[in-house]
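Letters are used for the chains, namely A, B, C and D, taken in the order the chains are written, and counting of residues starts over at 1 for each.
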Amino acid sequence: MHHVGQIKIKKGMRVREIIREMGKAGVLGAGRLARAVEVTREIFNDEDYTCLLGLAGPMVPGGLRQVIRDLVDKNYLDAIVSTGANITHDIIEAMGYRHKTGRIDADDPTLRRLGFGRIYDINVEMKAFEALEKRTYKIVGNIPEDLRRNISGYEILWEIGKRLRDENSILKTAYRKNVPIICPALHDSMLGMNLWTYSTFKTLRINFFKDLSKLVEISTEAKKVGAIIIGGGLPKHHLLVSNTLRGGLDAAVQITMDRPEAGGLSGAPLEEAISWRKIKGKNRIVNLIGDATILFPLIVAAATDGG
Amino acid sequence: MHHVGQIKIKKGMRVREIIREMGKAGVLGAGRLARAVEVTREIFNDEDYTCLLGLAGPMVPGGLRQVIRDLVDKNYLDAIVSTGANITHDIIEAMGYRHKTGRIDADDPTLRRLGFGRIYDINVEMKAFEALEKRTYKIVGNIPEDLRRNISGYEILWEIGKRLRDENSILKTAYRKNVPIICPALHDSMLGMNLWTYSTFKTLRINFFKDLSKLVEISTEAKKVGAIIIGGGLPKHHLLVSNTLRGGLDAAVQITMDRPEAGGLSGAPLEEAISWRKIKGKNRIVNLIGDATILFPLIVAAATDGG
Amino acid sequence: MHHVGQIKIKKGMRVREIIREMGKAGVLGAGRLARAVEVTREIFNDEDYTCLLGLAGPMVPGGLRQVIRDLVDKNYLDAIVSTGANITHDIIEAMGYRHKTGRIDADDPTLRRLGFGRIYDINVEMKAFEALEKRTYKIVGNIPEDLRRNISGYEILWEIGKRLRDENSILKTAYRKNVPIICPALHDSMLGMNLWTYSTFKTLRINFFKDLSKLVEISTEAKKVGAIIIGGGLPKHHLLVSNTLRGGLDAAVQITMDRPEAGGLSGAPLEEAISWRKIKGKNRIVNLIGDATILFPLIVAAATDGG
Amino acid sequence: MHHVGQIKIKKGMRVREIIREMGKAGVLGAGRLARAVEVTREIFNDEDYTCLLGLAGPMVPGGLRQVIRDLVDKNYLDAIVSTGANITHDIIEAMGYRHKTGRIDADDPTLRRLGFGRIYDINVEMKAFEALEKRTYKIVGNIPEDLRRNISGYEILWEIGKRLRDENSILKTAYRKNVPIICPALHDSMLGMNLWTYSTFKTLRINFFKDLSKLVEISTEAKKVGAIIIGGGLPKHHLLVSNTLRGGLDAAVQITMDRPEAGGLSGAPLEEAISWRKIKGKNRIVNLIGDATILFPLIVAAATDGG
């Protein structure tokens, strides 16, 4: 047992400094955040580590697009496992559409009439999805038919990324950096719906086994694998399960607001994953409870800062 | 505004009676539960309704397997959209393996050594998954190679269900009743891992577009569509998105412990889905906050009881 | 480790029967609920047990007034530890005012203008509180001045209960049954505000040490003490701390939606209370996560039913 | 509707800079945090504002003691409304006892045997409370008997603060700065238990009406009242209710992990308080969902930094 230190605020304090203070306290959320920074810093700086990012929840619409893109650009990430939604929203931003601030007490039938989809306090113009459909058809049409017969999700996303003109796009940057974006249910998204309709009149067959092979290959070839898991859901499970063949992740940080008692994976503490051989041990895992749009930028700022 | 009635407990009270009392209160959780029963009863009894069940979280390991199987058997359900985990656990139960009660303060490295995977307070023998692998290979090997070249997830699950010998199996009953089980990320599960390894040495290509087509077909051909959504995640999103082509669900009940503020779909109130054309309007939607292993049996008992 | 049984729904099922089925599952919320019924049944039926009820959150406005009143009437409860709000709302119901169903998306400035106070989806007429003020002044004025100089909270509440004409009132029934209602911050409520203003022009001094003495006396004189704790907050803490002198409660069930990670007592699992000598051991404690307006009626119905 | 901006992380970023970035996003938790800083900054800098701090949950054991003490020292706070626990823990730290880091999977019967009380992942030596008892008796014994006959809670706490020798004590600093600490259920704490036992053999009568009068006086005499409410429970309610006589608070930020659906005040959004005349309007209220040991230091650092 250590003493719980008291956090001290100073003028002009840097992010890494305030988190160091939280580490002195070492308990409750403050202690977990400091520990998450420590583990993330190790994953980012130790060259033996391959780093995976799990991405669920509206992280791109919620303002983390640039943060994620910059991490790819600066070579911190080796693969991303994401919901289809975050991919879709990256593309519509790249096409010039913007997410807008909304209200949690909005009247949804009214928004529907006005042509907006709501994500908590974020609004998205539905016409962005019409433009997306056209763009998707055009891009996919340019993929050689041979490849389209048996293409992985990550290959489609690279093909799309290659053709986007926005340097701030996660997809474009991931293509440029050769970082695969694994979207294990890519068809379950607005982009995926477009791919599906395309497949009803032209050749397109997505082979998700190829995505899984890619992810397993990355994990098994790595000396060590670390993961930062934002939100739960399919990305969390897929990222974890693809690491069972190597006996589990070496280090992991998860950020979630879900709770464990209902038994779902999203709220499960990372400790459970040890029993399943999805994580190796207790030493380098942190369960951070809170809002990722606050916590992830703080972690990135502190973990990538000199020190 | 109505008066809030006071709940009255009587000796030997039936489930539907106590929920009727909760309906007299009409507020907080009690009011929502009574309203959920009302909407579910309408979905179950109105012949115009096609009923979809969304299934996330450890519902089969958690004791709801028989409840779900009986709903299929009694023709209440027209399709199930599930995580791969619930499917996997149905199969291992059908093979004679049992889930066991565990402890939330279990030491996970010890469980790993002893060969158990933990889901909150449930333990599963890992050797069940070795048996699953053999069985999966055998069953899939019996599927004609032609079909294996371009098979949907629900077809694989019917093929498996057909060959299981346990009448209490959800998969077997669904096969018998011709109810498709849509598992939009089937490869993301222990069963899915086995299908993937199989695909590395024999012919197997899953085409999830066929699953989506099936689900859209069911929705668009229905007069009305109602859904009961247990947990969030991929099943919730997939179920909702597949109904956009018809302008949304006519009625829906969701049961979740996730909260809305972080913006993820799992905790989002159903109202948001109206803006996205995933649900038609506010009249028949209920957001029930709580544990599905308690709430779903109560709803089923009350909604399928005479009066 | 036991096998996880599968819940089976039958026609016309009684509450105690469905909870017995949940007990066969024995895991997640279903298992906890069944265990809560078991512990409550023991507290209710074993004559050695003194039973305390902790009451936080809008349980009276939310429809549990009759349930609680009936438990007092049938001698199940030996003391209640409550927030002032539940007391206040019992009195205004006894005076003929009714709580009304409201909307969670209500516009609060509008409600304010219309004279309603909102509690989630419950509305209360503010004019009830004007009537409460008059009534309080009259009742307190009838208490002998000598007693008013050094009166406990529970004595005030008995004095009020004695004078209410509504047989369904918790306060009246508690007075009739000689059950003390301990409200450790009685001044912190609408009723309390009235007592405070009264004290600014007439004699009134509340001595909460007398309430604490009463509660400690009840606990230390009991062979065994069991508690059902609805919600957290001050009632939970006060109930627990008053049992430290006897080494803690012998049995306890808590029902809450709060989570433990932020460290507050409301969401803390009962296990923590063992270290503080507030609970004796692990054998008879149940942490039930969920909405008390659903779970408490279920527990009462099952625990007081024959078999 | 504004565009949702993208958060940009830079080397050596200051706390106020990263929160400014979050403000550009303006949605989800990030947006709320930025808005909370804005409102807090206004409360802190506008001389018309009187500032109240609500304090529930283990904020002193959790590392916020110095942050709160410094706010008092720098004249940011005009009154504190707290649970008894935070007061108790400030005193035992002032007496030289330290809180220690613990484990959430600790065995509580073992901790009990070893003499530790657990608060989530914090341990406290029980012998600190024996020392507290002696100290309390001595300090209270030094209060003139006349005052002891009818003393408010805040006066007791000033008397204690006056006699502590630790300059980092919140109580000592509050005494020095003439800031009242209102603890509406002071008797409900380890300190309060000591005061109670003292009262069983010597003169001591706490009059909480005097505390309420003080709090109402501060509020009604203020031009504007702003509040930062950490956690819910009694402090939140008491702080709010004491402002009804002036038509409500002018500005408020609350930080909580509790959720609204169960209807309890702790998780209720501040909007509800408008209907009760506890808050004036919607313009300056922020509901921040998260861990206060992370969020409060961030807010203080950003709101008190130049700009």
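We take it that contacts are C-beta pairs under 8 Å (C-beta built on N, C-alpha and C of every residue); 3 or more make two chains touch, one makes a residue touch a chain.
Worth saying up front: this structure is predicted, and the values here are computed from it rather than measured.
Ranking every chain by how far its Cα centroid lies from the centroid of chain D, the top place goes to B.
The interface with the greater count of contacting C-beta pairs, when A-C is set against C-D, is C-D. Averaging Cα coordinates per chain places chain B and chain C 36 Å apart.
Centroids of chain C and chain D (each the mean of its C-alpha atoms) stand 25 Å apart.
We define each chain's centre as the mean of its Cα atoms; on that basis chain A and chain C are separated by 44 Å.
Within chain C, residues 27-29, 58, 61-62, 120-122, 257, 259, 261-263, 289, 291-293 each touch two or more of the remaining chains.
Residues of chain B that touch chain D in their complex: 27-29, 105, 259, 261-263, 289.
By the touch rule above, chain B contacts chain A in their complex via residues 56-58, 61-62, 85, 104, 106, 108-109, 111-112, 116-122, 150, 184-185, 187-190, 193, 195-196, 199-200, 204-209, 212-213, 231-234, 237-238, 241, 244, 256-268, 271-277, 281-282, 291-293.
Interface of chain A with chain D (complex): residues 1-15, 18, 21-22, 24-31, 33, 58, 61-67, 70, 98-102, 120-123, 168, 257, 289-295, 297-298, 300-301, 304-306.
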